[in-house]
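In the two complexes that follow, chain A is the common piece, with chain B as its partner first and chain C second.
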Partner chain A sequence: MTALDSHTQSSDTPIRHEGFLRHKRYRYLKAAVVISIVSIIVYLFVDVEPRHNGGTWYGYTLGTISTLLIVWLMLIGLRKRAITPGHWNLKGWTSAHVYLGASLLVLATLHTGFQFGLNVHTLAYTLMVFVIISGFYGVYFYATTPRRMSDNRAQRSQAELLTAIRSIDRQLREAAQPLDPAYVREVKRAISKTKIRPGLFTSISATQKRCATTHALKRLRHAAPSAPEEMRRPLEDIMAILERKNALLLRTRRHIRFTTLLRLWLHFHVPLAFALLAALVAHIVSVFFFW
Partner chain B sequence: MSGIIKAAAGGGTGLLESFKVAIVGSGPAGLSAAARASARGISHILLEKTSHLSDTIYKYQRGKYIMATPDQLPLRSDVAFEAGSRESIIDRWDDGADALKINVRLNSDIVSIQGSQGNFQLTLADGETITADFVVLAIGVQGNPNKVSQPGGDLPFVQYQLDDPKEYFDEHIVVIGGGDAGIENALGLAADPEQGNLVTLLQRADGFPRAKEANVQALHKARDDGRLDFITQASLLRIEKGGSGENPWVAVVDTKDGEARLACDRVIARLGAAPPRKFVEAAGVEFTGPDREAFPILSAQYESSVPGLYIIGALAGFPLIKHCMNQGHDVVEFIAGNTDLQPPDTPLLELLFEKASVHRSVDEWLDYIRTGVEILQDVSPLQMREFLLTSMTHYKRLGEVIVNRNDIGSSIFAIIDGSVRVEIDPNDKKKTVPIEAGSIFGELGLISGRRRTATVRAGEPTMLLEIPRNATLKLIASVPGVKRRMERLSMERQIGQIFGRVLTPHDVGEILSRSEIIPLRAGEAFINEGDHSTDIYIIRSGSAVVEKQIGGKDVFLSYILAGNYVGEMSLFYDGYRTATVRAAIKSEVVKLPGEVFERLLAENSEFRQTVEKQVAQRRRVNDYIEAKRESFSSVVDMHSSIARFLLEQEGLSEATDALVIDETLCIGCDNCEVACAEIHEGISRLDREAGNTYAYLHVPTSCRHCEHPHCMTDCPPDAIHRGPDGEVFIDDKCIGCGNCERNCPYGVIQMAAVPPKKPGLFSWLAFGVGPGPGEPKREWVDSHKKKDETAPKLAVKCDMCAGIKGGPACVRACPTGAAIRISPDDYLQIASGSQD
Partner chain C sequence: MAIRVEFIRRRPGGRITVRPTIYDKDNVTFGRATDCDVHLPDLRVGLHHARLICRTPEKARIEASTDYRVRVDGALIRRRDLSIDQDADVRIGPYKITLGPADADADLLIEIELVEAPTAVGESGDEDEIFSMKGYAPDKRISAWAVTVLVFTVFLAIPLIVYLDESGEPRQQRSTIDYLSPIANQNWLSGALSSAHANLGANCRVCHEQTFVRVRDDVCLSCHSQTRNHAPAQSLVAAAPDKTTRERWLSSLHNQLNIPEERCGSCHFEHNGANGVTPTSSSMCVECHSSMDRRFDETTLVNVINFSHWHPEFKPRIILDPQPDILSVQRISLVEHPKENNGLKFPHDFHLKDKEVIRKLATLGPVSQARYGDKLDCADCHQVDAAGAFITPIEMELHCGDCHSLAFVTEQNANVRFLPHGDPEDVRATLEDFYLAKATELLLGDRPSGVLERQLSAEARARRAQSQSSAFVDARTNTQNMIARIFSKDGICQKCHTTIDSGANSGMPRMQPVKLTNRYLPKAQFSHAQHMAGNTDCVDCHRAETSSHSSDVLMPSITVCRTCHNDTSGTKAIASDCLTCHSYHDDSNNAPLMTSTNAVVKFSDGAK
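Up next is the complex of A and B:
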């Protein structure tokens, strides 16, 4: 079963329910397909003078529909936060948002009559396309990440992962007591220099390469064979603990990576949506005043 | 406090002084009694074990807001009391004791009471004695904490209480006792690694049978994370010197791997408390029964079975401060001979009977009801008064509905006058069975925790008494006669309800006479696959899972709710059990004799048909499983293990409605928590991340709305109820005692204060004013609450968004549909093939 399947089917849990993509047996997907097909057919069959563009009656109609749709699409941000009583359901909103939002690709394009240029109109259009593309990314992450995140976390919460790491640090400090000062310094550095949440890009790649723990581990492993006899046992202990910490760090970083991925796209989607709104206002104002 | 300690500690066994009344215990009850005695000029002494008045209240956490419920009940005491902070009340009582010149003797632990009216001898722990004509016992129910008896137990760093775990740094701490208190202390001390405490918990038993599951899991997790350690099957041998360097003391512990020596800077012993019962019984006082819930037998004037020895307050079964204080006042009046004094609740009870067609005094009503209603025969007048205060009277015209089928409700109804008709067939309103005056109904819902099974209408003008669930349970627990009569009646009704339509009353009678109630532990099997037996079982309370061995594995077949029966299959399989049936949670079953059924099956064709229908359906499930087994066995396995996870581990088998999160859909946005806080005054009632996961099903920490809510068990003001949609909710009578938080095995109740009001959503969106949607951060709350206003911390839990249009906000606000609420019906037959 692919990850996407679990959203289109009622997932493999024994309790029947639908995810946002399948909501009400694809009600909004169906609606979006119907709207798109109808508007294409009308586009092909109505004869407008001189040719299809935003200024014909059909262009106006599609433009108005698209604009209203965009305004409504933006309202999901409000709906999500204004928790009022009533028979609404954010899952239904998301479902409609995704499918109807995608149908804009058809509606707005037909509105333009494929008349693109270097102007504010096409700017609005381009922004819209980017918003929609980022939306698709979002849907992809929403559909694939949660399952992997659940696997990775192995039934711990983020807070529990972090506490576990901190308690390993304590064990490290204790285990380092019998070592020579040089090693102790190494261990202490590994503790203080290890950043669980590095910069954005390291976080997205979830790499351990530049992690101080990995480095310390590598150096200790290198130094161990030549260490004095009585240092070997404690060094091995230290390395075992460092290994455990490393594994835990990897899990935690992966977790952070997933959480980042689940939110990062929104940082494109939402600002672009506002930019789109602004460009759209400019577009509409300009066509009324300067056309 | 002036500390009017009369007698200097004389040492040895000297006779101190003689008083008319000796009052033991200076809680609200004892204090109020002493105040009355002082005001009346009666010679008295108030004896208090600790070094301050009212130890129970003294031990409340600092700043706790104390409630003065019930509001309608007038206060009748010489000492003032109104809602306020712990400190203000303690001050006021100390001042009151001074002003009234109460004769207090602190540090006076009474260890025995002997004698009788006119000549009681009270012995103190230091060996001195006091004599008195009357004794008022007001020692509450806190009891004495069990002490460490091993050598070293008297060292100064051995303590029995932990007020603030944040006060301890870099210490080796040994916590003794694996009950909830011990576990919570250990977790608290180890919660913050920065504190650097090395905590080890010692538990004598092999597991943690007395602690709640949430705590045990947290403990295991903490050990897996290396935050603390615990040793089971371990007992302390002694505490001795011998450590090295900074830690001179070690605790020597006997473990199953031999002796262990643990460095210890501090020992926290949480060994439970010995309930005061033994002490009270030693004075000759009789209790209503052997159960833990039993109370001393008392007259309407609080006099125990020992003449001249009176018992009041929490020990007498009245857990609220106001009750205690009123009783303190009254008991001294009674002793002084003012026996006509009406208890302060009399006006409230008069109100209860205001609308009755006949006029009777409250005492006459008490008598009329007690003698009229069969199950109440053994209830004392004092207990009558207590449960009547929370009961309601109803007056119904002919044909008026009293309860509807499928209503939520677990109160019982006693028919005082008139009679009712029970509609036994939902499809035919004409088919009814009468219940006459003096009997009760509604007990099946009380026992099973499930919906009403039939509609009941008045058969003539009828007067009814509705007794709420908790009051009924208290009666059952404390009056053996009520328990006996209720059990008999409910068995009769249950058998009648299931088989009554096809069997003659004679047959039902025969079955009843040979049936018995069997209590079961969670997981205990009462039918074993392959056994030879035809006994039939009715699930009286709780629920059961049916499993079958297929290919060496236990496969989950179905889940049986209270009110249904199992075991009939074997009647059709030559008396052999085809599956194993286990209690999913703590349950009770009624065992019915198999031989009688074997005979009836042969004689009664209608009965045979009824049972065959049931069997045919269960056989289909069996066949389906067998068939599925061939094709995709892993699916069946999966369903079995998921069923076990949900029903048994996560307690959903006792749930009526629980939040579950599909982790293949959850994006971790926490909008469910935000929504819950938004719609409920800023406190989220669920913790999404906490809780267990299995096969991508996550059960967050949030209320399951149990059939028999554990949280209701010990609520002094009776503030927890089940609402019309089945939700378990806490009303504004809550006094914040925290009992429900401790009693809920799933850890879903929190004690929290309502945060200040925040600016609206638009000012936040547009100008960034306020903390935004969801539960505000601690810092924001601290900087925005009004000065010197301490909002009381009260119990907060999920109320299923009852009364909110659209229903549960957590589900509505989930953007992907990961959050769902499920009820037992959703997983009744996970393997039945009803999946599409």
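Up next is the complex of A and C:
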């Protein structure tokens, strides 16, 4: 086994990879749990008039903490662009981002005092909940997708996947030389009409329907038994190549699906986070404007 | 064993170059990695792709490493035995590998030729296109800007624009602002207004006069100008407990931020729903009242912590002497079993149960019988007022008069004459008027009606002249006799009243005045109507059936209330906080808390 093999097959090696979720033995998970429990206990036992909401001293405290936390959580966008080594490495930040971000679900909910309405205040809360939920999706995909992705690629780079498909196309062209025009048309269609990248929803659902290669293979397979004797052998070659192409396309599309899943949540997470920041500013201004 | 590897390259013009290498071992490795024996620099080839093992000079075996396959005759295989004469098409990536017969130098010949075009490694335009989010989702930066601007516009800019516009002169015509105004108000509304203030919701500025300043008391008082304070400011300060560290810290924070404390809004929190504006928790009251005697000498109030265990026994208002000039009233705790001196003789038990009363009721006319039935009950005399709160004052004519009739004569035309109730002088005047009128009639009327003058005998005429001559003297005598009878020991008045002075000197007796208490507990609110629901009866709380003297105070003890009322609600308990009975800003005259010096003591006349 080569050095490259041993690196990628981490599950077989004794060196344990510590991801951002497990960073420093779940330091920030513990911190988030402690913060949440303490805030719930205080919420239950503190006596505020007339009832819990954002306007009591405890409400203001929770609101201030939550606001600062949201601003800090959003700074990860700057932090990840500034590469620094050391104690506060990006993995630590990400770990804290995930767990402390999740603890906002408790802090901000207690801040609301369970008073909701159709207004900017509940809008800010709702946006925050959506940001956190999209973040949970991100965590899930970050935790599960990379391994499946690398298993899927089988040590090839994504560029290599494309090169391999192109190479198969060349082989197809080469192998189709002795065929009759009717068969050649199918092969040509498989070469030129195959769209590696499907639409968003097809990509996420990872189906191979409506793929020109699959289609050509099906037609040729159907036609092969009735083909003339001298066509049999080249047709079989072509079908074998098409099957390889099909398999490769499946891998490539799965790869596209994985890269999409790894990024798509961010397209909700980031804009919603900015919308939340705007709503938060409006919330704070409105509350003190008409104090 | 030795293996000869030849790289074959076809040059333009049909020239062929061969680059041979001899490996003095029985296997060679193929791969893209430079440490492979045969370096195949193409991306379609794995780093350590395969190994070819020479078995005999004619036979070899090709083995792909874990993640790769070798294509033999179009099929991807993991390992395959090959022979020279087999002429198999062996491919590793774009390279074709052919086995050939050995020569003098080696046992096996391997020819390698690049048969497919080499892959373009640097070509990455496609890759960016295919593996990016292009077409799948808009750029994050663009969408972030878009939603941020949208939220700012709708939830910050519009309310601010509406605010700035509303601060100007009112316009004649409706404009866009008027349509935006409800949206702006709704956007910023922090919670539903209380039902009392719901009409103010259209314009935030009615209460929020100044921006970034808490609603000031002036704004509240502009409508609630009649609201009384709980106590004078200095008393409130004196009675308040010492501030805790947190409160001191909050106070100093408020001072630094110029935020006023002890506002209307310190207790009354708006935007908390329909009933939210009035605080209901007892904790705010208990804060001061739990240990007030330690801080505030002037108070006569006993400490209160809760209703169920730490509330003093009721102290009803007890009349000790009903004389108007020395009217003496004291609040005496029921613990001391106070006795009242209201000037009235009234045994409740007799009226509710005695046979004499039942017999008397049977003699009444049909209207009265329909009213009372065959025996008296509480509601026959005690009626709840229109608000359902208190019992209307007792009036003699209305509540007693049917049995204790003040009728003193029925005239010839069936007209019943009643004595007035309340003032002995009035009684005397009424009787005097009546008898003088009779005397006048006698003087004017010379004969009884229906009898002719000539039909009268001489004796009758003499008797008439006699009575006419003494008419006024008789009237006075009759009046005095009547008064003596009425006010005598067995007279009608003495049934309920006592005589202070028999009137031997002045001619008129003096009666003990009656004062009935209208509200025994003036500092508490109570609704009889609410308590009379279900099977509750008056005597469940007021023990009238066993009371034989009007001096008995029939107010129920706090323990009676506690059978149903508790601090928190439960299966058999009704939650009761301070405001269930008391009021903080009571603006009625009857129950101003802590401002007893201003209290107007109001009793029912009761003795009309």
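Note that the second predicted complex is superposed on the first by the 271 of 291 C-alpha atoms of A that agree within 3 Å, B and C clash if a C-alpha of one lies under 4 Å from a C-alpha of the other, contacts with A are read in each partner's own complex, and residues count from 1 in each chain.
Here, a contact is a pair of C-beta atoms (placed from the backbone, for glycine too) under 8 Å apart; a residue touches a chain by one contact, two chains touch by 3 or more.
No experiment lies behind these values; they were computed from the predicted model shown.
Colleague: Just checking: does A:Ser286 make contact with chain B only, chain C only, both, or neither of them? Give me first, second, both or neither.
Modeller: Once the two structures are laid over each other on A, A:Ser286 reaches chain C alone.
Colleague: Compare chain B and chain C by how many residues of chain A each one touches, and report the one with more.
Modeller: Between chain B and chain C, the winner on chain A residue contacts is C.
Colleague: Where does A:Leu277 make contact in the superposed view: on chain B (first), on chain C (second), on both, or on neither?
Modeller: second
Colleague: First (chain B), second (chain C), both or neither: which does A:Asn89 touch?
Modeller: first
Colleague: Could you say whether A:Gln115 touches chain B, chain C, both of them, or neither, answering first, second, both or neither?
Modeller: second
Colleague: So, does A:Thr61 touch the first partner chain B, the second partner chain C, both, or neither?
Modeller: Neither chain B nor chain C is touched by A:Thr61.
Colleague: Could you look at A:Ser36 and tell me whether it touches chain B, chain C, both or neither (first, second, both, neither)?
Modeller: neither
Colleague: After lining up the shared chain so the two structures overlap, which partner does A:Glu160 touch, if you call chain B first and chain C second: first, second, both or neither?
Modeller: After superposing on A, A:Glu160 lies in contact with both chain B and chain C.
Colleague: With both complexes overlaid on chain A, does A:Glu49 touch chain B (first), chain C (second), both or neither?
Modeller: second
Colleague: So, does A:Thr126 touch the first partner chain B, the second partner chain C, both, or neither?
Modeller: A:Thr126 contacts neither chain B nor chain C.
Colleague: Please identify the positions on chain A that touch both chain B and chain C, taking each partner from its own complex.
Modeller: 155, 157-160, 163-164, 166-167, 170-171, 259
Colleague: With touch defined as at the start, can you tell me which chain C residues reach chain A in the complex?
Modeller: Residues of chain C touching chain A: 33, 43-44, 46-48, 65-67, 74-76, 93-94, 116-117, 119-121, 124, 126-127, 129-131, 133, 135-138, 140, 143-148, 150-152, 155-156, 159, 163, 186-192, 204, 208, 211-215, 246, 250, 267, 269, 272, 276, 279-281, 283-284.
Colleague: For chain A, which residues count as touching chain C in their complex?
Modeller: Within the complex, chain A touches chain C at residues 1-2, 4-5, 47, 49-51, 53-55, 57, 115, 117-121, 123, 154-155, 157-160, 162-164, 166-167, 170-171, 174, 196-197, 200, 203, 236-237, 240-241, 244, 255-256, 259-260, 263-264, 266-267, 270-275, 277-279, 281-282, 285-291.
Colleague: Touching chain B in the complex: which residues of chain A?
Modeller: 3, 6-7, 11-20, 23, 78, 80-83, 85-91, 93-94, 141-142, 145-147, 149-150, 155, 157-160, 163-164, 166-171, 259, 262
Colleague: Across the complex, what residues on chain B touch chain A?
Modeller: By the definition above, chain B touches chain A via 193, 196, 221, 224-227, 638-639, 642-643, 660, 662-669, 671, 674-675, 678-679, 689-690, 692-693, 695-698, 761, 765, 772-773, 804-806, 809, 811-818, 820, 822, 826-827, 830, 835-836.
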